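Across the two complexes that follow, chain A remains constant while its partner is chain B and subsequently chain C.
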Partner chain A sequence: MTDLALPALADAPAKPAAAGLTARTRRARALAYLQAAPMALVFLVFFVVPLALTLMVSFWEYNEYEIIPAFTLQNYADIFEGCLSGSDLCTTARTYLSTLKFCFLTWAFTLLIGFTVAYFLTFHVRSPTTQMVLFLVCTIPFWTSNVIRMISWIPLLGRNGLINDTLRGIGLIDKPIDGLLYSDFAVVLAFVHLNTVFMIVPIFNSMARIDRSLIEAAYDAGATGWQTLWNVIVPLAKPGIAIGSIFVITLVMGDFVTVGVMGGQQIASVGKIIQVQMSVLQFPAAAANAVVLLCAVMVMILTMSRLIDLRKEL
Partner chain B sequence: MSDTIRFTRRTLLQGAGATGLAAGSGAITGFPAVISAEPVTLRYLGTAVNQSSDIARKVKEDLGITIEYVPVVTDEVTKRVVTQPNSFDIVDSEYFSLRKLIPTGNLMGMDARRIKNADKITPVFTRGEVAGKKIGDQGTAPKKVFYLEGQTSTKFAGEPTQWITLIPTTYNADTLGIRPDLIKRPITSWKELLNPEFKGRASILNIPSIGIMDAAMVIEATGDYTYPDKGNMTKAEIDRTIKVLIEAKRAGQFRAFWQDFNESVNLMASGETVIQSMWSPAVTKVRSQGVACTYQPLKEGYRAWASGFGLPKTLSGRKLDAAYDFINWFLSGWAGAYLNRQGYYSAVLETAKGQMEPYEWAFWMEGKPAERDIKGPDGSVLEKAGAVRDGGSFESRMGGVACWNAVMDENTYMIRKWNEFIAA
Partner chain C sequence: MDVELIRLTKRYGGTLAVDAIDLKVPSGAYCCLLGPSGCGKTTTLRMIGGHETVSGGDVVIGPKAVGDATPAQRGTAMMFQSYALFPHLTCRDNVAFSLRMRGMGKAERRAKAMAMLDLVQMAHLADRLPAQLSGGQQQRVALARALVTGPKVLLLDEPLSALDPFLRVRMRVELKRIQAELGLTFIHVTHSQEEAMALSDLVVVMNAGRIEQAADPRTVFERPATAFVARFIGGHNVITLPDATIAVRADRMRLGAEAGDGAVPARVVAVEYQGTSVHVGLEAEGLSPSGGGASPVTAILSDGAYSARPVALGDVIPLGWDASAAHRLQA
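On to the complex of A and B.
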């Protein structure tokens, strides 16, 4: 405020000082709003409006060929049908549990791999040029589409695929391992392959900002390598870890292509349910599912932001 | 047969010329109106399987009409017709979708008087008969949805009228595909799909409305239950069917489910599955990779499907004329022969016959051993001389239809239960 007030005083000596100050402040505020407007507009048009429409449609009725503006809770009732009976898990609970399982496994593996790679890049590679080159190497898989990257696993993992053939060839197994493809294993493998880079980038970014003298200080104070890692590097890399985790978890929660292809369409995912409903014109049911999914993801993100105050850390 | 060709072409051109005259373009040269005027482009919405560039090229040559393909998947065709009826000029849709499409009023009835070969369309569609014999009509059989009460009516007519919903393009009888080299014994019944012998090596398609019909064929084959109408189950029947599927899934019967053509080809060709629901051209594709694959006829019969041309209500003027010209051309033989050579069936068999060699007709339609190598439309050899088509003749294949792809009254409930099956 003082920065703004000073030139105001100089510019408008004729006017009473107080009035000039408010006019200036008001103008500066308007300018700030104007500067934020494009982003706000984009958000409004491409995020708020569609979301509001989705929410609205999720309460509508529908039949085979039209959606009917009305108010019904039936779409939500359908989603949670049988969830309160207790004897057997309902479809929705099962689906979310399976999706959460993939979330957790993918998160754990991508974190482990992403952290290790970022650590290596930051602290073991000395020259900034090599660092950048190696960092770009990490992004090479992204030169092809993620569907291709996913499908390329199939000839490798199949019943008569490369791995099974090799293992049989060297006599380790006599019957092919079926669980390699179209299984939870295959899904997690593909998820980790596809999403690790989203962990590497933010963690690398956070680590690159760590002041080297802190690490030297830790050594000087007699900390072991592990102690330095746990007490100095991990806390300072937290924002990167949090951002990476948010990326990975939201990507896995909303995915249906990877689960479909690698799971042989046999594994349920929330995205798949929504896709099936959309393709048979049950838009309100799909909208209700989307709203539930959105809530679930928001709860997860809120929990994470409780653990780490991102704004403060950045 | 060459007489028939010339005759057909001539009448077609004359007909088109007459249309031009009627439209007031003044073309009396005998050329179709569309050539004499500005070239017309028709946006053709349909699935990629039916959209061949050869057909588009030939239409351009014969009629001067440019066909602009809009290839999407089956469900998307329906969605487009319902939500964006102005985004196409002609649609190639499955008959079972009509129960969703017609009530929206987005399609118009086609005037049978403007379709030259309308009365020659095979009775499979008009009366549900093959060679005078009634065929299975469970599900959305085309004869139930073939006629409208009026041009803009949203109700299906019980008896033949002047207004046709869809003019058939292709249809076929679907069954299970098997790998005879890996199964090594005859397969004669749908119940083998859930036979524990093929545990972890079976597959079913993950398109709910079709998948559940295949499951119903299996359940009927085991003798557990006989459906009054497999294509229109009650809630209790849906529960029962899904329960059987869930039990099989939990027991590890299925290797994977497939959703598109190529997935089904890959599953079969790689040996991941040895028995699965399949589509005819997919079997051909597996075979063309040198892998033994049979489109196995089964004693309980086939699940049939059919698709056809529909016109959006908003189509008018020259585009409408061009659409009728195109449809008349489509039924006049060349396209029919082209489709028959891919293993589909065409709407007007006699005109297609005129465009096929006698040995081709004998192989594809009469179920006789091939006199010579059978080639596909692209010239690649599909079958060696001596081979017999799986399932035999048109009469025995289409005559053996048990049910048709369908949209059920309880579709919403069925989709929910199907999702439960996938999640189980």
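On to the complex of A and C.
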């Protein structure tokens, strides 16, 4: 008799408690959604909607004076025109190759410089104050606008710029070097100047997390400086390297201003194509190009993250 | 291999961290550097291991002074306080790391690493990353990593301090077993006198950059050299008499009727039951140096002796000690 009564007694108070609990959980969940809502809204309005519109417009038709809502693949066909037939590379492929070349060079140089600077800041600067001051020094170029930073190269690199004048002055060259400005060199130089800090920050961040005793442990294990760098520091700085690389690659792939200014408006880039099409109001063509560019960048980033994961497996 | 320190000194700017210490650790000994934090014990260990430059004096390992030699050249290996396992490498690769640095082939170094992991009973977790291990397991891996290159001297920097008390006792046994099995010289830094007593053949008590006493644990406990040693290793009362300072083991104090002739009156200020024994805290005016306040004294009674003649807080009872148990300390 008592055996039967017991569960009933136990159940009776349990039920309201459970109900109260679910109500509280529901309220907590609603609150969490509410807290996430502003960011979600910003994300929706400024990222998802424009992207969806771009994708939509890329399928529209256009002529000299208007764009027409439709569904056509013509814009994409125009982009890849001649790519599958001729023995020569089509315009799009050549433009992409040129942009990829800038991208690779910039990535290599910013990685080299960024890693070195971050390494110096983390492992050679002892006092945290000096570290912070030097870190802020790295961001000084960002106190002024992109374009001004590029333009300021012109008096230095131009035909009658500081470098050419000095070299002529000390008699090293007879006539000015033309390739300094409005050339591939100038474009890469400006890209490296503009983007190195995007490498420094994440790499510095992951290096700062490396426990110093790991370096000592490596030394204790008989590792040389280079062995420690390659076997301990580089693997542990990989997340920073990956994030920095993504920054730099996306920035360079989409750029049209730097290539324009530093290339003297003579060098083609994917971003430049889009900008020109926009300026002549060929929005659907520009949108299609943008979608292709987006896909290309995404493929690059995915490949890179795959590579880094693979390395971790080894 | 034996380790000898000759007037070993470490200066940081104006401060003296290690003050010209001399020490000889015989080959195959388990030596504990014992002292409070900031006494220079870790700095000494790091100088022996080549992780800290020497400001003066010499470290001699085996036949030769090591100077600026790297840890590998010295034949030392260090086990770090926080273990310092490489978080991106599995246990096996952590252990094999130093072999890889030496250019040993993959198959050979893996086999050696597995043999070492076997020694510390971690072979079954060889493919785990350090983050997937408990503190005790990480420590075993760190021990295997330190031992894999066959060092002559193993340096341990507070290896047990991050473990819970139960695990600490177990690892203590393990360390002693491995040391005996391999016949290596171990130098172990600790601030726990219990750990030092349990493990070492040679206890080196350090204070303010100097060695207060270096002897086997029994000598250190029976005949502490200085008041600092007597206080630091515990279980002693340091008593200032008019002509000398003496140390008396707390379990040799005599209370009440047994107190004998030289007894002084003392007031009971604490009674702590500890199971097998009872700790009685006393304050005695008569024992204070130059009459400045009452000096606190602890008497440890066996539970039987205490229950035969219990005392209560506030009681004033005669306090004395075995004359034979009084040990005169250096000034």
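Note that in this section the second predicted complex is superposed on the first by the 274 of 314 C-alpha atoms of A that agree within 3 Å, B and C clash if a C-alpha of one lies under 4 Å from a C-alpha of the other, contacts with A are read in each partner's own complex, and residues count from 1 in each chain.
Going forward, contacts are C-beta pairs under 8 Å (C-beta built on N, C-alpha and C of every residue); 3 or more make two chains touch, one makes a residue touch a chain.
Everything numeric here is computed off the predicted structure, so don't read it as measured data.
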item: Partner chain(s) touched by A:Arg94 [first = chain B, second = chain C, both, neither]; value: first
item: First (chain B), second (chain C), both or neither touched by A:Ser245; value: neither
item: Touched partner set for A:Asp178, first chain B, second chain C, both or neither; value: first
item: Which of chain B and chain C A:Gly158 touches, first, second, both or neither; value: first
item: Partner touching more residues of chain A, whether chain B or chain C; value: B
item: Touching partner for A:Thr106 - first (chain B), second (chain C), both, neither; value: neither
item: Partner chain in contact with A:Thr122 - chain B first, chain C second, else both or neither; value: neither
item: Which superposed partner A:Tyr65 touches (first chain B, second chain C, both, neither); value: first
item: Which of chain B and chain C A:Val280 touches, first, second, both or neither; value: first
item: Overlapping contact positions on chain A, where the chain C interface meets the chain B interface; value: none
item: Contacting residues of chain A [partner chain B, same complex]; value: 62, 64-66, 78, 81, 91, 94-95, 98, 154-155, 158-161, 178, 181-182, 260, 264-268, 272-273, 276-282, 285
item: Residue ranges of chain B touching chain A (in the complex, touch as defined); value: 73, 75-76, 78-79, 82, 99-101, 103-104, 200, 206, 208-209, 249, 254-259, 266, 270-272, 407, 411-412, 415-416, 418-420, 422-424
item: Residues of chain A that touch chain C when the two form their complex; value: 211, 213-214, 216-224, 227, 231-232, 235-236, 312
item: Chain C residues touching chain A - in the complex, by the definition given at the top; value: 49, 51, 70-72, 77-78, 80-82, 84-88, 97-98, 100-102, 145-146, 149
